[in-house]
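Multiple structures are listed underneath, in structure tokens.
Shared between the two complexes below is subunit A, which pairs with subunit B and subunit C, respectively.
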Partner chain A sequence: MSATVQSRLHLPVPETKNDAGLRRSGYRRRERVYQWLFLAPAVAYLVLFFGFPVVKNVAMSFQDYTTGTFYTGEAPWVGFSNYVTVLSSSLFSTSLINTALFTAGSIAGQFVLGLGLAVFFKRKFPLNGILRSLLLLPWLLPLIVSSAVWRWILDKDSGALNNFLESFGIISTGIPWLTSTSLALAAVVGVNIWIGIPFNVTVLYGGLQDIPDELYEAASLDGATGWRAFRHVTWPMLRPVVSVVLVLGVVYTLKVLDIILGLTNGGPANSTQTIATQSYALSFQNFKFGEGAAMGNILVLISLVFAVLYLRVNRRAVDE
Partner chain B sequence: MKSAFTKPKAVAVTITALAALPLILSGCGASPAPGGGGSVSELSVVDYYNNEPDKTIIGDTLAACGSQAGVTIKRETVPGKSLIAKVLQQASSKTLPDVLMLDNPDLQQIAGTGALAPLTDFKISTDNYPEGILSAGTYKDKVYGLAPTVNTIALFYNKDLLDQAGVTAPKTWDELKAAAAKLTSGGQYGLAFDANATYEGTWQFLPFMWSNGGDEKNIATAETAEALQLWTDLVKSGSVSSSALNWTQADVNDQFIAGKAAMMVNGPWQIPTLDKQAALHYGVVNIPVKDSSKTAVGPLGGEVWTVPQTGNKARQAKAAEVVACMNSDENQLAMAKARNTIPSKSTLAAQFAGENPKLASFTELVKTARARTGQLGEDWPAQATKIFTAIQTALTDKANPADALKQAQQG
Partner chain C sequence: MTTNTQPNAAATEAAVRTGPGPLTAVRRQRGTRQGGTRQWGTTALALVFLAVMLFPVYWMINASLQPNGTTLQTSWLPLAPDFTGYATAISQQGRNLGTSLVVALGSVVFSLAIAAPAAYALAYFKVRGAGVVLFAILISQMIPGIVVANALYTAYNDLGLLNSIPGLILADSSHGIPFAILIVRAFMNNMPASVIEAAKVDGAGHLRAFWSIVLPLSRNALITAGLFTFLFTWSDFLFALTLTTTDDVRPVTLGIFQYMGAYVNDWSSVMATAVLASIPAIILLIAAQKYVAAGTTGGAVK
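And now, the complex of A and B:
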């Protein structure tokens, strides 16, 4: 009776306290130390390269952080005034709407085209492998290079796209792709779709490879081929991969900066200004580092919502 | 038992070493430049002339000035866009170079941090510099930077295209509109300028705004609205391509070279590229003003040389010698000639214009050119953003010029 109570309360039982037990507890402690040592590089890395910038950025957004701060180190605390300035600026709503449209448009386009191409490449045909690897090209080019090339392609007067359309008689005067307030955002979305397709194709193609062929054979015996096979076999089996692709895509797209800077620099008349470009302009062009940090944190918060969503989706996929 | 433990121990040591590596590395990186007085044998220099031919021209002049001061120059060139980021980073880690070049509109921003030493502390003469150039290098009544050579923008015109159309180079806004309309046909536009959503767009608009009596402190004025109305009319009538909203000054130059624009607003740094085109015959005149009663006022461009507060008096004194040497009469003339810019000192203007007729009109313009930061100092970036925002709003027809300027001014 007394022995069971003791063991239930995890009290040291005198009988077991022998040499072997001592050695085991010493071994366990050492094991603990090793576990921490193995964790240390990862923890150090996270603290240095993720923790510090995040904390610094949050602190900065509550400070009057100017160019002078870099030399003197003085940055007075100003409470929420940076957030108030940023949120009450007339440009904020424009940037927010543009960010939403840019993200939604890019994701929709990338996903639909990416899925279409992934399904297409699942068939066996000559040069499949070569074509599929060529598809990765947009991913391999530096963004600054691709945006410079696209800026030329989309030029109103001497751009390749307008010349092409004109030579087929589709249009008679050049379309101002990047200089019209109604078209610029669509053009930028188009370029971002082109850049995002390789990622979508690669991940979705991988997901398609995991669907067993037997399922299609069984479905075809039941009369489900073509579209019905896609609807009832491919789509349900691909669901977990799809959610991951979409959520990751949103997080990657929200923060896109270089493509927009390279193509339009936020113009014309702020029609391609997003929260990311606004944050960049505030910090590095107007030297208002506090306001830039506040804008950046708003973007981080929006991304965080989707990141949490991603983790939940991922967990469910694992549970399934 | 023993052998089983030695392996994890070795691993643990390695891991601890690896984990500490970034700390060790950052420790090394942050160590300040060797201080202390005594003899100075080497000076560090940072500038953004990272393209030829400027890179060599500036490098050679620096080296010559260094040997004159009895030091060797350790020079680092960074891309223009990353210079300010680099300077701020160096300011916070107290590793500023001994001699620092800055684009003139950035000088007051950096001087305002306290990172620069006033040049008067080193008895560097600021005589014979025109008002505009000095105001760009001045922060709170003290001169922190001097530019050996400066530049501004003017109107370039294609002589052959103007002759064919029977047009003479315009002097007033009405003449500019008429000439541009006459020179526009098919794939050719009358005029090209840069109205993009960056400070470059603002810079190109300034001569139109300033010569009409507009002022950067408050852009919601009738004078500035008239200037913006001119730009809007030129774009709306089709004399200027709406692509101007996204062109850089280099793009504008390309349009001019390709014969797609008969006239352009641009600076003397394009002259080497233009001169390579054997078939292109061009002339340069002042940017047209509203009517003959007005005088042209250009924006002042160019880079200033400064002496950062490195905390080492001996090194700063040597650095000041180099800055003074970079600004000597001979070096101003030589660098201006080699780089197609204009020597800063007004006493050199007549001699320079005589020797370099192509740059004569720019030499004249520079005398009256205004510094962008002359009035607003550190507040210039915010106001410059408002100006290009207003330009873009008006040119895309989102608001008429007066309203666009009013909206932008209110922020």
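And now, the complex of A and C:
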């Protein structure tokens, strides 16, 4: 990418014979160098910390890259063998299904609750602004803090949730939210919904504010209020924002790592293992960096599908 | 490049683009005038929603004030606050909090130094590669953190940057730089070009116009970008987890993670550390309100 920018910035300036033209072209060239200097550090950073890792990761996925590599410097090329190992592992289908369930569940919950709250906060009432901004807190907390707190709340024996349910007689013994293979994924999704609600509320609320009041006034003259106003005015007008929120949500949720590692570390018995956590485990727990890279690239490919979707949706939103 | 749905550059752009229009202010003013019982009823309902959403935060503070060892039954209110958890947290995690602070401050300085000139270039120059750079920033948000960490680990190993504060500052800035470029650029886009042209007429070069006109005028955007960069780096867990292997340089996020493994019976210390690690977020929630909303050029152009 730097190459593109560089070549574009150093386009040959047509030579002219008269003095004014020469001065002009000299000025322009100097101007271009200046402009390039302002942009260069950022471009260099993006290349080194985003471009390089992606390329390096692709290379590593075709190499037998292990801890030994760090001592010997040797990482023999092995073709697609890392991909074959990763894809044929029984854990892959588990991780893929978990990733799909985690992403779909999180997005559905965050979006529905986020939209509900955004519509709610559209009403005029005292303290609206302050309460809405306090709602942002779960979004701003370090994820590892959130997962620590939730691990304590969801604790089987002394967690607040089980205590609460027991005190109302809803359950008689503690539910093993994070330690049961059948519940852990749902619990992790629940925590991730909690974390994602503020983002959804913020963006959807912004979208709602952009819908002109006149439309609602016109709709109410036609007898459309309440649910019908939402169905025929709010929803169609909000659609572009909704698409952006959903696609961005998917892209961000696919790569979630902190919350799962903090809550369950992928367990129990891999029941919360996703492609992202699996990539981490392969590289940094099993020290099979080549396989971890292959798993990471599969994640990139999946994200890419949604990234393309995002760009198309975004363009349509701008066109509209 | 956060590994979650945290505030993010692309999201911010979406939010900025879809943000409240000019009508909003007018509408809001009209609304606050007519306060009634029904509206306070809505406020009560909002308070209920907020109480549910913020319960975990309350629980964290409550649990941090419980005496050590009472894991069987935490009382619902910290009626007899006990600060043993905080004493343990500070003695065991104090150094990690310091490390996080140094890394986060370093990352703010580094990110702004890289992002501010780039934002200026992208906002004012008709650089032909600008579209490519912006596109690259948006795409960079979609690259999973684990992919970056995987490749950086090997490179850092060769360069001797593992377990080092500069190494963490560099890596963590990948959360802040794209965000800072987008938010400062959006701000500068709204600044009248006449301000800079006036400076140029006065004989100021690019560097001087940037340093003594554009930067001071962009103060609010820079503070906002800086605050968020601080928060991103402070919250970083992935790079702390993958790019450090010893106790020497250990950010507090990793400290909490390892605490959870070793000290699960001492939840008051874990929660006390969690509260201490949440302080920047709480400060930002109060401070950023002001800076995000703050006006742009003020009285610069008459």
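Everything below uses one rule, namely that the second predicted complex is superposed on the first by the 274 of 320 C-alpha atoms of A that agree within 3 Å, B and C clash if a C-alpha of one lies under 4 Å from a C-alpha of the other, contacts with A are read in each partner's own complex, and residues count from 1 in each chain.
By definition in this document, contacts are C-beta pairs under 8 Å (C-beta built on N, C-alpha and C of every residue); 3 or more make two chains touch, one makes a residue touch a chain.
Everything numeric in this text was worked out from a predicted model, so none of it was measured.
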### Query
After the match on subunit A, would you call subunit B and subunit C a fit or a clash?
clash
### Query
If you stack the two complexes on chain A, which partner ends up touching A:218: first (subunit B), second (subunit C), both, or neither?
neither
### Task
For A:90, select first, second, both or neither according to whether it touches subunit B, subunit C, the two together, or no partner.
first
### Query
With both structures placed on chain A, which of the two partners, subunit B or subunit C, ends up touching more residues of subunit A?
C
### Task
Using the touch definition from the top, say if A:253 reaches subunit B (first), subunit C (second), both or neither.
second
### Query
In the superposed arrangement, does A:112 touch subunit B (first), subunit C (second), both or neither?
neither
### Message
Quick check on the superposed pair: does A:149 touch subunit B, subunit C, both, or neither? Answer first, second, both or neither.
### Response
second
### Task
Considering only touches as defined above, state whether A:38 meets subunit B (first), subunit C (second), both or neither.
both
### Message
For A:285, using the defined touch cut-off, is the partner it touches subunit B, subunit C, both, or neither? Pick first, second, both or neither.
### Response
first
### Message
Between subunit B and subunit C, whom does A:170 touch in the aligned arrangement: first, second, both, or neither?
### Response
neither
### Query
After superposition on the shared chain, which partner residues are touched by A:308: those of subunit B (first), subunit C (second), both, or neither?
neither
### Task
Would you mind checking which of 187-195, 241-249 or 277-285 on subunit C runs into subunit B after superposing?
241-249
### Footprint overlap on subunit A, comparing subunit B with subunit C
34, 37-38, 41, 69-70, 151, 157-158, 284
### Task
Under the touch definition given earlier, write down the residues of subunit A that touch subunit B in their complex.
33-34, 37-38, 40-41, 44, 48, 66-73, 89-90, 151, 155-158, 176, 178-181, 264-271, 281, 284-288
### Task
Quick one: which bits of subunit A touch subunit C in the complex? Just the residue numbers, please.
1, 4-5, 8-9, 11, 34-39, 41-43, 45-46, 49-54, 56-57, 60, 65, 69-70, 110, 117, 120-121, 123-128, 131, 133-146, 148-153, 157-158, 160, 163, 192, 194-197, 199, 202-203, 206-207, 209-210, 212-213, 241, 244-245, 248-249, 251-259, 261-262, 276, 279-280, 283-284, 289, 292-293, 296-297, 299-300, 303-304, 306-307, 310-311
### subunit C residues within the subunit A interface of the complex
1-8, 10-11, 14-15, 18-21, 23-24, 27-28, 31-32, 34-35, 39-40, 42-43, 45-47, 49-50, 53-54, 56-57, 59-60, 63, 71-74, 113-115, 117-118, 120-122, 125, 127-129, 132-133, 136-155, 157, 170-171, 173-174, 177-178, 181, 206-207, 210, 231, 234-235, 237-238, 241-242, 253-254, 256-257, 259-260, 267, 270-271, 274, 277-278, 281-282, 284-285, 289
### Query
Tell me, which parts of subunit B touch subunit A in their complex?
8, 12, 15-16, 18-19, 22, 84-85, 88-89, 91-92, 109-110, 112-115, 187, 189, 196-199, 241-246, 258, 260, 378, 381-382, 385, 389, 392-393, 395-396, 398, 407, 411
